[in-house]
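The next part holds the structures, each set out as structure tokens.
Both complexes below contain chain A, partnered by chain B and then by chain C.
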Partner chain A sequence: MAQGFTPGQTQAPLANDYAGDEVAAIVLDPGYSTIRAGFAGEDTPKSVVPTHYGVYEPSDSAGPELLFGENAIHNPKKGLEIRNPLNNEGIVEDADTTAKLWEYAITSRLTGSTGSARAIRDGEKNGEGDPDVDMDEAEDTAEKPLADSPLMMTEPGWNSPKAREKAIEIAIEEWGTPAFWLGRQGTLAAFSAGKSTALVVDLGASTTSVTPVYDGQMLKKGIMRSPLAGNFVSDQIRLLFAQSQPPVPLTPHYIVKSKTAVDAGTPAQAIYHEFGFEPSASFRRFEEERVLTEFKESVVQVWHGPGRFMGGPQGASNEEIAKGLQGRPFEMPDGWNQVFTAERFKAAEGLFDHKAAVTAPDQPPPRPDQTLPQLINASLQTTDADVRTQLLTNVVVVGGSSLLYGLTDRLNAELTQMYTGPRVRLQAPGSTIERKFASWLGGSILASLGSFHQMWVSRKEYEEHGPNIVEKRCR
Partner chain B sequence: MASSKDVRDIMGLEAGAAPAATAPNKKKGGGGGGLGRRPTGMNRELLALHGERAPPVAVVDVQKTYLAKPQRHFRPSPWEWSPFINPARKDGLVLKHWVRKPHGKSVGGEVSQAVDGQGDTPMAGAEGEDGGQNKEGTNGDVVEHQIPLAEYPYAKYNVEIDAPAFSDEEYDLYMRSNDWSREETDYLIGLVKEYYQRWPVIADRYDFQSQNTKAESQDGTLEDKMALQKAGAPPRTADDLKARYYNICARVMELHTPVSEMDPAEFALHEMLAKFNPAQERQRKEVAEQLLNRTREEIKEEELLLAELQRITTNQTRFEAERAEVRARLEAPRAAPGSNQYDSSTALAMLFNQLFQADRSKKRGRLSLPADALGGHSAAAATAAAGGPGQTPTSAEAHRNSLLGSGGSARKGSLVHGSAAHQQHGPGHHQPAPKEPSRTLAPRAAARFGVSTHERLSSGVTFRTDRLQKLRQAKSAIQTQKIATALAELGIPDFVLPTTRVCEAYAALVGKITKMLDLRKVLEKQTNELKVLRAERGIVMAEKEEGEGKEEKEDARKRMTRLLRNPPILR
Partner chain C sequence: MPAFKDDQIIIISPGSRTTLAQLGLPESFTPAKLRFKSRMFPAEKDGEWEPFKVRRRGKPAANGDAPPADPQPVAEDGEDGVQYEEDIHSDEGAIWPIEEGRITDWPCFFALMTYVYNTMNPPFHTPILLVAQPAWTSREREKLTQFFFEKFKTPAFGLLDSAVAALYAFGTMTATVVDVGFEKADVTAISDFLVHEHGRTVALPRCGGEAMTERLYEMLKGRGFTPEMCEQLKTSPICEVLPLGVDLPLVGEGEREAPANPAAAASTGANASGPGHRNSAGAMGDAPRGPGPDTDVGEEQKEDDDNEGVLDVASIVTGGKMNEYLARKEKEKAEKAVARRKGAQEAATNAPKAARLPNSKRPRNTFIYEDYALHSALKDMNLSGQKMAEMQAALSDAPQQKQRTADENGDSAMIVDGYSSTEHGIPRDGPIRREIEVGIERFQAATGGILENLADAIHRTISSVEEVNKRSELWDGLIIVGNGAKIRGFKEALLATLNSKYIISPSSATIFTSELPSNLTTPSGTGTNTPQPQAPPHAAGGSNVNPLLFAATTSQNPHLNPGSQIQPMHTHNTHSSHGQTPTSIKTAKIPEYFPEWKEAGFDEATFLGAQVAAKVFFVVDQSGSKAYMTRTDYNDQGPSGIHEFSV
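Here is the complex of A and B:
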């Protein structure tokens, strides 16, 4: 009766059967590289927006203009700077811009600016004149983008209490959401893999983190993180390019007008755009990063063994073996191309072996405790022996950088090497989407569970207890 | 445009032939509406190409038809984006979800029905009459009474654990601890409740600061707090927390129900709580940790040892059984106690007394020594049948018991007397004990008088020849074969005159032969085993020569293994 069906009618599966009860909640999962937003209960975020934004200051206008979204930030303009509101640990630095960016991520594709998009009606009017109630209400709260939708946000496990309070403040006061919740990215990623106890290894853009999750709760003291993540790999590639003989020219797309095919290794013959101004360094770097991501996706591979890349006897490298393996070609936007052989293994080796990282005077080698195996070990050492075995059989690998070719196999090998006694079982979602958006997916699942709805922090509670309530409720 | 004539021309067909052939067809077609009918909707030129013959594929212009609309016998039930309140929440937050709306006209009735069950929400009933429409102000503002407060199906997942509750006096009286302040205890209990007794999480989040220190670190980061805790008292481990909490729980349980009045389940729980031993837990975890930290070599070695051990134990039982059997065979048959044991008059007197006593305790004043009373049940039953009418299997059994009690290791067959014994059985007659030995003749005398004793007399007639034959037969064909060869080797003729003595001798001989065969088998096994060990020893020695490191341990273990596997045959 509660679900409003009458006995004897044909019945959809009972709601209890899948325990889902969707309340049109919105899930917002901000990361260093992209912000993911979408409706809870769906399997992909509808809106994926780059976290980088543009600050555009034309000489004639009064104030700087902020540019959000893929469509706006890739055009070279004079005075366009590209920034990221998060610091290198994925913590919000610039709260105001971040709020705008988040709002953009939500409103651009999900709610529209009025927030009334969800006022849906069944065609069944009983003639009693009431169906318009929702409409009236929508108009009442039209200014608030989230008036109709509970909001579930994610955050890194090491988020500061201040940042958390800021998040609920923005959500409830600025966006008018009726209910709010903050979930930990690690925990949610575990949920997305269908686990409540797991060791979540998340390789993002700016940070790699290891989060032990026990029975749906992360273990704070076990959270370990390091900067050896996607951006680190990009920097390694930059160094490799610069140090190779001759240096590999890194050309972003926007400069190139047209190109002609050239032989491998020979200088590019392309026609370049004339801008009449020099696009800012931040813009160029941002655009270069896109090329590097392509390079990561298609060329870089994690050394698969035997042993480590530099792990031959007496520290000799496996480079000779690697050279014998088939190389992979890469073509720069300007047509310059080459087949990469041993180099492609070097870029990611630093994630596992600090000694193997490519270094430069201004880029010191990483510390040994920042490498992935050490990170995992450090995290496990904080837990009980009982919990540790459980975690080791439930290692969940997520994050965009975990898509590096061969990474999970290598990690598996390293872990089994390190933990000989207990069984190690690694699990990485098969699809790219589930890897990149793991924490969003977890949030999507959680926020569409019927039993979750008692967890929301409602606006009433917020008004009663103040923003500090997130600390109490969203642990 | 090419006409059919042109086409025919090109293809070298005779121009006039075809039309004639198809002419009747055409006519028929016109009437019957079959193939010949001129298809509509076709270019004239295209049609001309067909010629007079009907096109090979019927080009039929069919009126477009679609699948009939499926007939639904029900009206699709409308769904409604409707607000609901989760009773598990105390703030009355209103969220909306899709629910199926009850059917058209019956709406009012059903909703009110649903609401009537609630009883305590009269306004909602009125709302139901209104057609299930819900008016509601802004989303955040809760207008509770307007929402049909149907039971929310997921509210039942809102479970809370029972935290122990106690008053201040109770705390002071029973739960004080030097190690724990009241404040911290309360904090712990709160935390346990909050995290549903997930101890790893509780231990992880445990961050107790007494009120005075709390204030200053309020807005510090996680790191600050952790540092602060480190500076203070030693951090409590999960086991410390558990110990304290369980202790409190046990105390509270006691307060509610004294231990003596607890039901078994409660008592078991109380025992568990009260007996929780953090030191032991810690030790267990240490061991577990060691187990986790074993190196690959250690694990391999352990596996090897385990396999070895398993081999040894399985072999051990088998060897044991075999050896026991051999031993039993090798043992000299003990002197039949029957007559020898009781050959002195005192012993006999004692025996009599015992039997007499035993017998007197029964209603039946009869002492009978049934043939084969010590045998199996069936034998006893058989005797009973042969004996007097008064003799029942149970009484025979009773006798056996009494005999067993006194006679000790009396051997089978020793007190057995063939038909003579039966004759002695007078119903209800008391058998004077001293007569007993007179019925047992010394072997020589028996031989002299031609008295023979039998274990069991089978009914009917048998030939001794058959018995001889049977003796030669073993269970397996191979064994039979072996026995036959042995007999042949010894030069025993196949056919002998089966007198009693020959039979006995023959039986003894065959017995010896089987024993010998068994011994041979064991010998073979032992030799093999020895060979294996020799080989292993060879390997060990070789390894020893390779590396001199772990010899000591290895050697000791090998010796142990060998000892386990090779105990002296006859201990």
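Here is the complex of A and C:
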């Protein structure tokens, strides 16, 4: 192809002209459940990869192999363990793997592993020699996955200074990004809802957080977080299953070869796969989580009131009322099915009412200050009265777990009850994508603004000041 | 006036194995006019590429039939004696620039595109529509855009996602596209033309046609099969994926009836020859010609004087045992002819019955193997033209006139390269055809877990669609395309797997409510399906009415249901309160407007969709849909502008 690949009649813009807002920056938004990555200015992240990864260690191999991405981690294999590099509070524990996962999120769908558009441009700009050769060289030299694009990363508001420095180090030194910026997830979520002042309630997988944002600035002392989030609801469902009489069998899909329809509540009659080995417990748990997600989507509902689920009005328990309501059927992958009536309200009630949480000896009830209303209250108490009023009229609810049916309505009811004086206005993005990827979206909007140009921390500045610059520049 | 004419549109659809291309849109769309193997050969000069294997050969040498010890003796010949010859079939030393949908060797890929483009020899004002693999990253798409604009000076360039292309072919807006390729499969959920990038299964490895070939090889290598044989077995009509629950035909049964119909042996060469074929030869005292469950090929192969079961004839030829082998082959043929004559008389009456048995009931069946390896081994020996023809005749099992039928009646996905159409090559220069028998392994190509993996990926993809109310519709619109899904019975088996693993039966506990009108959106007659406001079927608290009755009446009239009053600020709160999916699984039906496509099958419907899309983009709506980038746009925005234009 060598001959004839000459620069076009019109010269493509030179590499130097591509800067800031012209080359789309990459926005990376890591979370406990998924890592979102995409180009700034787009409305959805192109790349959403699970944070869970596989460690595959066949008995005959020397070292474990890391498996990233949906395609690699759902097939039962002997010696496959599923792990998450973040701890239960959403803080990075395994920094090396996390960096690799982040890189995978960027390269797998956005940049490609070797591809580098700039390399071609350079080849042309120099206009020397055979472009083919230049391209070959580019593949050798441009191993750095982000040599082309500025990178905006998001972080939880309670990230440690050390973790922040580590992030810029990875981005600039390992990935070779020319410019970097670190944004707070809460602030960015507020931007995604088009607000610069908001009280952001983010219900994620591992953590629920409340972040007051005033005039585009996060109010650090007002950040509150608690573990009552998506994983907590999953655990509640597991307990409910285990404690019901007879226990509900939680069977993941991979075990079942084919199922037969059975009557409600009767044992499943499925044909099961025989693996000849026992898939690891972590793998099973990870796959069970898929079933629980389906359960959350189609059965679980947040009690809609009036009042809390436990202890209803006029002495009559709401639980009794709930039992009279129409149930929702759920079928397990093995065909076992049942109608859930009152149970489906119980699973999420613990988010609001610590007394309602399902408990077990090894799973103590949550503390009262961890519940959603108390969390919001604690956060608001740290702010000035006038700011508080503004925040209450701009409550933004985001995060995947906020999609639990009826959650926003219930939260609205709880807040209205707590703050009778000021007007409470709750806003939750309409589309599921905006809700799940709010902080990514905020980052995408921010990074594509022309005025953001000056905010980037350039590689030069990093080289001059060291990683500590992130503390000064990205507040 | 449209900006572009029908006959000036190029469509290129690169795949890991096969690249389809076409210049111009005919009145009625036909399957791709040009098929290329997606591979190039490094030329002698660095950085240049050749579309075919180039063989150096000396002048027809005197040592004609003495098999040379060194397989490539001519390479050392003097310069003056060297001739070059293109071998259009050989893949030896080829570089396949696309692996699992990803472009792994860019110079090679660009060379392939250049070759494809030049083969079409398009006129000046020709827009290009490239069918993009889902695995291509954004940056890679930019790179491609730059290449096409600057190398070919195209006036307009469009990138069409392969899944969207399939959608166009099926004339629908919402579907789950399962594209089973060579080494990978892609599963894409699309609703209202919108690709759900999140959760999309991109390039699921080991779920394509190659995985099935490997599976066959794994089972058959003990019988002396080569991977190439398995590949051809897979593409032959006798390879099937049997529906779930259908037992494999018992070997015993076949054995019993086999001696009864030796006549079937007479139909050598036809794909549908009887199961008794080889057994009858055995009964006549002849040695088994091909591998079968009862020939111990693996061991015998090593013995010099017992080569009957050997399949890899090419190695014999290069190994210098040619003459011995040929002699035996002659004898075999003669004996077989006798057998044929004898058998035909006795068993002519029994034969038709057995021959009518469908493939799936027979324990054994045969297919025609086109032995390119042997052919090229012969070529390496520098035989003269006549010698070559003799050798071919001697080695070939299938009568030459049968070849045509084998090509036609098989769904044989034989790839014909650009200009090597069928009239060229076959009589003298064709591959050596041999008949090979295979047992029940031919039904087990998909037993390596490929169906389960694919089914799981489909479930995962649809389950990660954010708009849960769309999922039911996505399950009802499965589109299975790709040549990997071409094996007989594959699609049915995949559907059966999905059905047996994932379908949600109406719960017996809610048998009454399950008959309530679904509150999921259903496509209306006009094809428009606006999302209906969702009515949660559960009634509000405090109602004393029978909740089931209440739900039955209110679910059709959401405003009657007090529980569903949604706070004004959550207008689009349609994210939850749905039933589990799937409650039914259906495949989308393809509109059969195009007779040529109907005839060829819709495995390559992606290309049909690309044709439809090209017509729509370049001719009907022009730039209105912003589905392609013009030269002017490119000059203004550079390669990264492509993301605003591609579909």
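Simple rule for what comes next: the second predicted complex is superposed on the first by the 422 of 475 C-alpha atoms of A that agree within 3 Å, B and C clash if a C-alpha of one lies under 4 Å from a C-alpha of the other, contacts with A are read in each partner's own complex, and residues count from 1 in each chain.
To be clear about the criterion, contacts are C-beta pairs under 8 Å (C-beta built on N, C-alpha and C of every residue); 3 or more make two chains touch, one makes a residue touch a chain.
Model, not experiment: these values are computed from the prediction.
Peer 1: Just chain B (first), just chain C (second), both, or neither: which does A:G327 touch?
Peer 2: It touches chain C, and chain B stays clear.
Peer 1: Using the touch definition from the top, say if A:E461 reaches chain B (first), chain C (second), both or neither.
Peer 2: first
Peer 1: By the touch definition at the top of the document, which applies to A:A261: first (chain B), second (chain C), both, or neither?
Peer 2: A:A261: touches chain C, not chain B.
Peer 1: Thinking of the overlay built on chain A, is A:R473 touched by chain B (first), by chain C (second), by both, or by neither?
Peer 2: A:R473 sits against neither chain B nor chain C.
Peer 1: If we overlay the two complexes on their shared chain A, which of chain B and chain C does A:D148 touch? Say first, second, both or neither.
Peer 2: both
Peer 1: Tell me the contact category for A:R284 with respect to chain B and chain C: first, second, both or neither.
Peer 2: A:R284 sits against neither chain B nor chain C.
Peer 1: Scan A:S451 for contacts with chain B and chain C and give back first, second, both or neither.
Peer 2: first
Peer 1: In the overlay, answer first, second, both or neither for which of chain B and chain C A:E70 touches.
Peer 2: After superposition on chain A, A:E70 lies in contact with chain C alone.
Peer 1: Looking at the overlay, does A:A24 come into contact with chain B only (first), chain C only (second), both, or neither?
Peer 2: After superposing on A, A:A24 lies in contact with both chain B and chain C.
Peer 1: Among the partners chain B and chain C, which is in contact with a greater number of residues of chain A?
Peer 2: So, of the two partners, C touches more residues of chain A.
Peer 1: Both chain B and chain C contact which residues of chain A?
Peer 2: 1-2, 4-6, 9-10, 12, 23-24, 120, 130, 133, 148
Peer 1: Chain C touches which residues of chain A in the complex?
Peer 2: Interface residues on chain A, with respect to chain C: 1-2, 4-10, 12-13, 18, 23-24, 39, 42, 44-46, 48, 70-71, 74-75, 107-112, 115-117, 120, 130, 132-133, 135-136, 139, 148, 253-254, 256-259, 261-265, 290, 293-294, 297-298, 301, 304, 306, 318, 321-322, 324-331, 333, 335, 337-339, 403-406, 408-409, 412, 425-428, 430-433, 435-436.
Peer 1: Give the list of chain A residues in touch with chain B in this complex.
Peer 2: By the definition above, chain A touches chain B via 1-6, 9-10, 12, 15-16, 19, 21-24, 118-124, 126, 128, 130-131, 133-134, 137, 140-141, 147-148, 150, 158, 160-162, 176, 178-179, 214-215, 217, 219-222, 383-389, 419-422, 449-451, 453-454, 456, 458-461, 464, 475.
Peer 1: Looking at the complex, which residues from chain C come into contact with chain A?
Peer 2: Of all residues in chain C, those touching chain A are 47-49, 102, 106-107, 110-111, 113-114, 136-140, 142-143, 146-147, 149-151, 153, 197-199, 201-205, 244, 449, 452-453, 456-457, 459-460, 463, 466-468, 497, 500-502, 504-505, 507-510, 513-514, 536-542, 547-548, 550-551, 563, 566-567, 569-573, 575-580, 635, 638-640, 643.
Peer 1: Would you pull the chain B residues touching chain A in the complex into a rising list?
Peer 2: Residues 74, 77-81, 86, 88-89, 91-104, 106-107, 110, 113-114, 117, 130-131, 133-140, 142, 150-155, 157-158, 195, 198, 200-201, 203-205, 219, 221-222, 226, 238, 285-286, 288-289, 291-296, 299 of chain B touch chain A in their complex.
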